[in-house]
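Worksheet for the structure shown next.
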Amino acid sequence: MAGNPSHAAILLIHCDDRPGLVAAVTGFINMHKGNILDLDQHTDSEAKKFFMRVAWDLGQFTLSGQDIGKRFEQEVAAPFNMQWELFFSEQTPRMAIFVSQMFHCLYDILGRYKSGEWRVEIPLIISNHESARDIAQRFEIDCHILPITPDNKAEQEAIELKLLEEHSIDFIVLARYMQILSEKFVERYPSSIINIHHSFLPAFPGAKPYHSAHRRGVKIIGATSHYVTAELDAGPIIEQDVVYVSHKDAVSDLVRKGRDLEKLVLSRAVWHHLQRNILVYDNRTVIF
Amino acid sequence: MAGNPSHAAILLIHCDDRPGLVAAVTGFINMHKGNILDLDQHTDSEAKKFFMRVAWDLGQFTLSGQDIGKRFEQEVAAPFNMQWELFFSEQTPRMAIFVSQMFHCLYDILGRYKSGEWRVEIPLIISNHESARDIAQRFEIDCHILPITPDNKAEQEAIELKLLEEHSIDFIVLARYMQILSEKFVERYPSSIINIHHSFLPAFPGAKPYHSAHRRGVKIIGATSHYVTAELDAGPIIEQDVVYVSHKDAVSDLVRKGRDLEKLVLSRAVWHHLQRNILVYDNRTVIF
Amino acid sequence: MAGNPSHAAILLIHCDDRPGLVAAVTGFINMHKGNILDLDQHTDSEAKKFFMRVAWDLGQFTLSGQDIGKRFEQEVAAPFNMQWELFFSEQTPRMAIFVSQMFHCLYDILGRYKSGEWRVEIPLIISNHESARDIAQRFEIDCHILPITPDNKAEQEAIELKLLEEHSIDFIVLARYMQILSEKFVERYPSSIINIHHSFLPAFPGAKPYHSAHRRGVKIIGATSHYVTAELDAGPIIEQDVVYVSHKDAVSDLVRKGRDLEKLVLSRAVWHHLQRNILVYDNRTVIF
Amino acid sequence: MAGNPSHAAILLIHCDDRPGLVAAVTGFINMHKGNILDLDQHTDSEAKKFFMRVAWDLGQFTLSGQDIGKRFEQEVAAPFNMQWELFFSEQTPRMAIFVSQMFHCLYDILGRYKSGEWRVEIPLIISNHESARDIAQRFEIDCHILPITPDNKAEQEAIELKLLEEHSIDFIVLARYMQILSEKFVERYPSSIINIHHSFLPAFPGAKPYHSAHRRGVKIIGATSHYVTAELDAGPIIEQDVVYVSHKDAVSDLVRKGRDLEKLVLSRAVWHHLQRNILVYDNRTVIF
């Protein structure tokens, strides 16, 4: 669907399924003179869970921004035992990029940023390699080089967390960042660290997936973007896509074709995150 | 989404957009103790039109089948000036197949039918070629051979319409039927005749699209399923898909690859039609 | 490329790479007045292996069918230490189908067979379930029901091998045959048993891959056709393809979408096998 | 296939088909001690035309760079009436980019350039809009702003041609350049101007194809890269790809999804051009 308009509220809701949920939510919005711009609802009939995303125009809405959450909790969420998140399209999310020394995803993100494709601020790039600095300067973004060794990992992560806080970062994109984040770090940003893995997970997790794919003789390679969780390459999948390969393709061709795929799959995941389209439940995503 | 359960009602609604529409519909279902199984809603914000598909379980529903439509009209549709259609999942739709002398789509449909993949009855096959009879017999379906010439077209169509009525046919699938139906015929089955065109419409309409595609040197060929309207190859598109081709592919290869595509694209369109997923508006489809 | 013409020879060759291989093969064909219809060559520069498929018209060819192999071995293959296979397009391959009780792939193959899409003979269907018999009769193909238990597997396979021999079967298609063939059986038909696995191998091998895919929350499901080897689901991959899924898709939807994918992927593998397009090397395929 | 190695020669050949062509070319290379790295051959059996691309290692080759063409012409091309082009992988092609004021393709190309993905030099950007200058400076590339009006078109094109010559430009990429080049301009760079058209040509040629696609209600949108010829949007197609859309997608969504597609399709075309993979014949391309 089209990008969110500039003066809208977005609710993401999930709870046990029962009759009357949609009526209750839409009734609340309607009562306070909100015009629904987009409503998507999903019921997982096996798990008996209800999921909903609703966006409405705040132009005529009779509740103030501070009151919406409070009143929604009282009038709708509490009676139905809903879990919910409320976003306003006016708030521009703040992204940090972590990158190692392959820069195709970084260039892709920065091109989108500078050409105004995304409503986002990118005040911070963190890398473990000196070579990222030049690109960050080209795009006038604050850049910190923090090389990671087994010995200094805890310290460097502490510095990273401090930087993230100083820049009021909302979410992190690992744009081919070849380091594993500690469990402690990951837990500070639940459903807010987006990684791109260069294979069709769960096939070929870990390092060197293109080599593994080539050895197995697959006819398709994939890329997977997912939220990072404590377990490596096992977080909720946001987006996947594939590209055809053949016996003619050497590992270097898989790498080349994979680069384009990684850019695409990662950028789609970021788009959905920015649009508040994603609800995480049971280590899976509902993408409205 | 999964196939409709056996004891459900499905409403397809469209009207001018205004606040309160979702609340009104879901309120109606909720009030009469229906549990919503699936709700999908779409607003065309340019055209300011509202579209909705909602399916609910009739198990505890307090209105009888005959009353639902009447009460919905009074209580919801009339006040909001909605256009709507009501279906019951218990009613098995009845399909007729029209075919000429290429049988890949026919075989595909009959395979799905006989293996119970679709909830449908297929009591009738009509062809303008004698060679279809053998296949119909193999699958024990009533078959009528009605060759069409410019001179006998009106008469033959009259016979066809009579056969369709006798077999209580709800919708027609043109499984590579190389005849153009008359405007009069088409108007008897609005949004109920599904055609498969062997190109990516609007590119290459008319006859011999694979030859045209080959001459133009395209790198992708497509197939398009659409509802038949009076204007040739211009009806609302239901489903499209493509397959990659290269300079290595002769016209005969396009035909071969196209056959698989046609089967796939046509069968997906039939599936959506059977599921009552399709709403036609302004010569386009909303596929819920 | 287009199907093989009716009076052609096809050579599949592989050997260590060295200069002069293409010149030697094409020189041989040229010297005996064969016109090359199609030549495809591939060098794996890492493994330093050479692969070639060449088809030529036998219309003016000065060697008889029996002599071609002998002379090619003497004049070209022996000096260059080539391994090769020679086929004639006039020989129609003979296929047996093994099937359990899901019949979508079976119907698809039989539809292609009966409509003349493939140059193949299908004299034999073997199933472990009684329900296959009716379909075989519909298409007038000899059918044997051989239920498999742990106790009778060796005996039943012996019967199967005898039936295959009696019908002069060249290759076997496992059209969703839910039994594991013994190593002994597999070794009788090297690179001649084509299986369809309903996942994107190597992800989700074994039984119930759609359930596993759903649990992992993938956004794409796949199907893989491969030659059967002694190791389960690990043989050389011939063809793979995928279809997009979302959180809306229940396991039953994955099954439904997967059926179409399985038909497509299996039939493409059979097509390549029939065309003699496939060379197996190092547990991978070269598909010319 | 993998990128060309650094010390290789590449021949692109086409001529009327006849026996002995492959043998003649490979014999020539073999005789002078060239090791074939990659050979691909295609026969259009309807048009009776022969096409070939062959790359060989020059390490042990006994002819010097200057002599190869002369000797090939004498010994092979002339007797068989072949047309051919010879390239050396050591020569780095020089590209100019023309752009208007949508910069997604420009950013994509420059990201590939700066990260060393392509073996190319990009010394020149030409735009009809001032806003391109900032990006060019960011990437340290000479940039000229030449606004085009009906009145000044001939003059501005003369300046452009002079700039192209001064920078020894081999080929031009129109990275969403919204101006139509004159026939005279186009003829100076035959098969050397690559355009990206934001539709699945031949559907929706001309301006505003996403609006047309939306109005027609298509379920797939495409992008097409092609060599520019005098006839608008009718040149030989190099690459096409598509992305799925639905009724949920407004025109702005088609534009957004289309941007990614345009980047991908254009960059693949440039890759093939750089690799010398493309042979143009009869307004179509053979992509080896």
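Some points to look at:
Per-chain residue numbering starts at 1, and chain names A, B, C and D are given in the order in which the chains are listed.
To be clear about the criterion, a contact is a pair of C-beta atoms (placed from the backbone, for glycine too) under 8 Å apart; a residue touches a chain by one contact, two chains touch by 3 or more.
For clarity, every value in this text was computed on a predicted model and none was experimentally measured.
Compared on C-beta pairs in contact, C-D and A-D come out with A-D as the pair having more. Taking each chain's centre as the mean of its CA atoms, B is the chain most distant from chain D. Centroid to centroid, with C-alpha atoms defining each point, chain B and chain D lie 42 Å apart. For this pair, chain A with chain D, the centres built from the Cα atoms lie 35 Å apart. In chain B, the residues that reach two or more other chains under the touch definition are 2, 45, 248, 250.
Residues 2, 18-23, 26-27, 29-30, 33-41, 43, 45, 244 of chain D touch chain C in their complex.
Within the complex, the chain A residues that touch chain C are 42, 44-46, 51, 200-204, 216-220, 222, 236-242, 246-248, 250-251, 283-287. Those residues of chain C whose C-beta lies close enough to touch chain B in the complex are 1-3, 102-104, 107-108, 110-112, 114-115, 117, 135, 138-139, 248-250, 252-253, 256, 259-260, 264, 267.
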